[in-house]
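Mind looking over this structure? Questions follow.
Letters A, B, C, D, E and F mark the chains in the order given here, with residues in each chain numbered from 1 onward.
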Amino acid sequence: MARKDGRTADALRPVTIERGWSAQAEGSALISVGSTKVLCTASVQPTVPRWMAGKGKGWVTAEYSMLPRSTNERMDRESVKGRIGGRTHEISRLVGRSLRAVVDMKALGELSIVVDCDVLQADGGTRCASITGAYVALAEAIEWAKAQKRIPASANPLIDSVSAISVGIVDGAPMLDLAYVEDSKAETDMNVVVTGRGLFVEVQGTAEGAPFDRTELGALLDLATGGCDELAAIQRSVLA
Amino acid sequence: MARKDGRTADALRPVTIERGWSAQAEGSALISVGSTKVLCTASVQPTVPRWMAGKGKGWVTAEYSMLPRSTNERMDRESVKGRIGGRTHEISRLVGRSLRAVVDMKALGELSIVVDCDVLQADGGTRCASITGAYVALAEAIEWAKAQKRIPASANPLIDSVSAISVGIVDGAPMLDLAYVEDSKAETDMNVVVTGRGLFVEVQGTAEGAPFDRTELGALLDLATGGCDELAAIQRSVLA
Amino acid sequence: MARKDGRTADALRPVTIERGWSAQAEGSALISVGSTKVLCTASVQPTVPRWMAGKGKGWVTAEYSMLPRSTNERMDRESVKGRIGGRTHEISRLVGRSLRAVVDMKALGELSIVVDCDVLQADGGTRCASITGAYVALAEAIEWAKAQKRIPASANPLIDSVSAISVGIVDGAPMLDLAYVEDSKAETDMNVVVTGRGLFVEVQGTAEGAPFDRTELGALLDLATGGCDELAAIQRSVLA
Amino acid sequence: MARKDGRTADALRPVTIERGWSAQAEGSALISVGSTKVLCTASVQPTVPRWMAGKGKGWVTAEYSMLPRSTNERMDRESVKGRIGGRTHEISRLVGRSLRAVVDMKALGELSIVVDCDVLQADGGTRCASITGAYVALAEAIEWAKAQKRIPASANPLIDSVSAISVGIVDGAPMLDLAYVEDSKAETDMNVVVTGRGLFVEVQGTAEGAPFDRTELGALLDLATGGCDELAAIQRSVLA
Amino acid sequence: MARKDGRTADALRPVTIERGWSAQAEGSALISVGSTKVLCTASVQPTVPRWMAGKGKGWVTAEYSMLPRSTNERMDRESVKGRIGGRTHEISRLVGRSLRAVVDMKALGELSIVVDCDVLQADGGTRCASITGAYVALAEAIEWAKAQKRIPASANPLIDSVSAISVGIVDGAPMLDLAYVEDSKAETDMNVVVTGRGLFVEVQGTAEGAPFDRTELGALLDLATGGCDELAAIQRSVLA
Amino acid sequence: MARKDGRTADALRPVTIERGWSAQAEGSALISVGSTKVLCTASVQPTVPRWMAGKGKGWVTAEYSMLPRSTNERMDRESVKGRIGGRTHEISRLVGRSLRAVVDMKALGELSIVVDCDVLQADGGTRCASITGAYVALAEAIEWAKAQKRIPASANPLIDSVSAISVGIVDGAPMLDLAYVEDSKAETDMNVVVTGRGLFVEVQGTAEGAPFDRTELGALLDLATGGCDELAAIQRSVLA
């Protein structure tokens, strides 16, 4: 069964990661997954949140946002509405948790890294692209902090890499890396966050249409694991 | 390995659901799962959100909130802070999606049902208890609407039941229905939403500590499926 | 002239106070006055507001809120609207002032007690029920603090008890403890807060319909004083 | 016992009301009560709130606010804080209720009058001065509306006048019209709203220090009734 | 070409400044420019913003606001809307910058002066009247601070005076000090802030209708410089 | 006197404008002025604000925002703070006014164009770069609307082009197009908005340090006019 852009069911869209995009941030990456483009910047800050202070441990957090015209219809800005929507909150928390899963906070030491993921253009999979790009920005910021001796040269705060991909059941068939038109008609939609070693950090599956069974879940996890393997390889080559 | 309250790894805490708790709401249920207590009320409203109007279809949504002293430490009220936190948003959206997965919106017709889940006392698993109790409140509200002829007697808006349970890996062992002390030390934490027929609506697994593999995921899903089977039976007997 | 529920003009609705309702809070009470149900929890906190620090005195404050479907029509949550309404503010302040009137802040010592009054079901008189229940939660929290030696055993922070009741002129006749249907057609509505010794803490009379004269005011105060005598007796027996 | 400014216990401070202060508003009054100065403007608007529309009745509402440096210490603006405080809400509601008590909404017809009370300088009694001045602004706006034929010439929307005064027990003695220094040490503080005919619209007594008994309450109401008689005479002469 | 009120193109409206209007503030001025009336109060505060602390320098800031019925149509209060509009922000910042331009922060020493400009009645030129009046309030507050020895007697924090006036091209002709009806039909509108010595602090010209050229700009600046000369003379005589 | 990057006092930094950057928006441009990069998108919407409806005229508005790490130090997001700051408001309004100055609203017809200017990287001059880039996005959106027949082929809504540049007095010398390090030490800072025909739309000069005189103002306007001539030529070639 053919996909609109001719991909097979288990194929990623073209992925590029331009590291060091920003002249200001300690770490940065502009990731493109098909037409989805996310600018990820990592900011190293000398303090940790108050509730963590004095424990000799660091902190990593993330904020996700979409530009108002990253989408097909212009959305009102959350700053203008005066409040952040549920979806934004949810994704910011997901990106932060995903990054923290591969960081040794003791090794990081008492500093914070805030990773901002701003979606410049959206065509499905923005939360997954954010995680994949954010990891590269984070890794670059940690390199910078070691070069600046903010982190001892001997410390290895990154215990693994992390990437994410969406999978879903579209017209009855499991598919990898859904574009917006696919995502909007998927019966089941799943975002899977996987480490470079192939372990799961997050599995978030939602039946948008019909509920799903164990067999379908298994097929989706297989696709996602394969996709994240490819993403991990791209991250490695970009960071090499 | 013994749990604090003597349960086996695959045992639920005592569950009671008191339906018709509220004299005001069209549907209501006070659910207790161990020390966790959630008051669920379902309000039938004659209109649907503007973007849905005129399609002959209904809408179901949910709002979750915790009383400030439902927890061990008092939390500030979100109304006083002037904004809803990310966790609240995330759970409200989860409860709404879970309910909508078992409702035939065409059969509901052009009316809305808002289910409020207010946590009176919290000891882990509040989002899952909310879903399980919300289903009973929703079912009661739909009965009411049929009795009131707001929904035709022949319509069957409920296509299945839905319940939810948390599972997790604690001290290396998969366990069902985590109490707060267990949840706070779990390496992996998963919330699973299952229909009465045993299909998945949501699978949300998060590695709080170490990432997990396919075997562990399978063990957790087995536990959750078993727990939701029991909850579905309790729901059926309460609604009979 | 008969009231809907058969009560005489000077009769309270059935009142029950279940103290120690909460497993989490230092003090708590679930009060029912007819169909009105309010959950009151008292939280002991080790600090006082900044403007009071270092004076060796304590502080007592309160927050009032209604669950969205405590009423006949569902109300929007104030947390969702992003601001607290005037009525909520007004009642929170009233409950706080009423409690402070019977507390010796020197004897309390430098700690705060926050009493949360959450209306689970509303049928008139929710602010008065909140005050009456809040006193029991407060007394329980002070007992706890003495048992925990946060307050010296010799200190007596409670210098009196306090309760409150609504009175009003309905169809020309003064009546005690108005239910919602009575309250909504009252010409004059008064909330009276009285100590266990029979002194006034607050008298808030409002002409909703026709203004009132000194004679009517006197009749209402007589009714309220009698009602609060009964409430004080119930409080004493609950706390005994 | 002498008061700081030499007044007797039952004397008002000097009161002046300058009607027609504003060149913009349909009605306005600048009231001075001692050093307290409040600018009251009444705005006639052609519509009523949505929940009142189509009933052929009008609506009167009020908003109270203090300039940031009306007080001895500068206060932060509520517009800058992004939320209105409890006291502001409470007083706005009180002023609105007081005005509505003397308006025949049927005779007003389907239009709204919003009265803004902005405290330019505060020295105690600002809420009472607001009510007394607001009545004059309201009366002027109604005159304007009749002249403009927005209200039929035959209609008499004002069924009485209304004014307000504070009373309190200071150093054990009942006193009329408390200045700020008196108010801040009062044991009991009461705001009384009285119509031109001498009936009560609001009686709000609060024990700031010691609770009070019926005898004290009576003495305070006597003082307040006398003070409002004088204020009603001033209002009449200003509006003549 | 005649102006509505008979003024010549280069004439100011009648200007009066009543200094010392407030009994509460350290400095104050009620300025009238035609029908525009602004109450300016200056509050001396013993601290500076945190980012300035410990530098031995002071700070001056301003807040501008309009009463809801200062204008022909009532505006909603920004405190009620819960946010400050763009225009308010812009003017507050402009007034603050204008005042800081004539203050030697070293000579002021480590204290803050906040100048509040509240528009009681608006008929065009409110931001310029605010600056002109704010300077008088500021000068009075500095006098007060010297008398109180908060500033050493030898220090001269005011290095110049400052005033402001609007100019514009109306019906093709450059005009000074636009009233509201003139301002609303101006093709170009300019606010000019000038020191007592005749130097520019701010020049803010905006083409509301047609863009303007260098010649027109020159004519407007000539008018503004003349107007501010007159305002500076009034300020000097008021402060003498 | 040499500038840090070797430019002469009257030289622009390298300017590039990439039109059609966005696959989603009707018009878009990514403008770089030195290291300053702003993404401008223009969204065509079928309606106008309510207060303009039914007049057969269109509307153009703009929103400006900076990504949190566009600057050297990370700034908190305005969406997270829940309110838009004064500077953001001020610039959004400036960009909107500048664009409206070159649009014939009658010729546009009853539709709105919203131009979003999101600063991806900031090194001084972001508001001016926003205006210059926004014009290109606007022109592209108008082309699109004509191609789509949303605007008649015969209509010419753009009556001129518009661009903007900053100028300032740095170390006593007038300079064109200030980079951040220059801007932060400028005594006077001016933003000038000029049409393609060389007329002024906005002149906003501010004395950050010492006030300025007419001669200095003239020198700055000469520089700005020259710079905007160059920018207009670049706009023309990009849109050709």
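As a working rule, contacts are C-beta pairs under 8 Å (C-beta built on N, C-alpha and C of every residue); 3 or more make two chains touch, one makes a residue touch a chain.
Quantities reported herein were computed from a predicted structural model and do not represent experimental measurements.
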Touching both subunit A and subunit E (chains): F
Centroid spacing, where centroids are CA-atom means, of subunit B and subunit E in whole angstrom: 59
Centre-to-centre distance between subunit F and subunit E (centres being mean Cα positions), rounded to whole Å: 28
Inter-centroid spacing, subunit E versus subunit D (mean Cα positions, whole Å): 33
For subunit B, residues contacting two or more additional chains: 82-84
Chain contact graph, described as a line, ring, star, complete graph or other shape: ring
Going from subunit A towards subunit F, every chain in order around the ring: A, F, E, D, C, B
Residue numbers on subunit D that touch subunit C, as the complex places them: 83-87, 89-90, 92-93, 97, 101, 160, 190, 195, 197-207, 210-214, 217, 221
Subunit F residues within the subunit A interface of the complex: 22-25, 28, 35, 39, 41, 43, 45, 63, 65, 67-72, 74, 77-84, 88, 114, 116, 118, 120-123
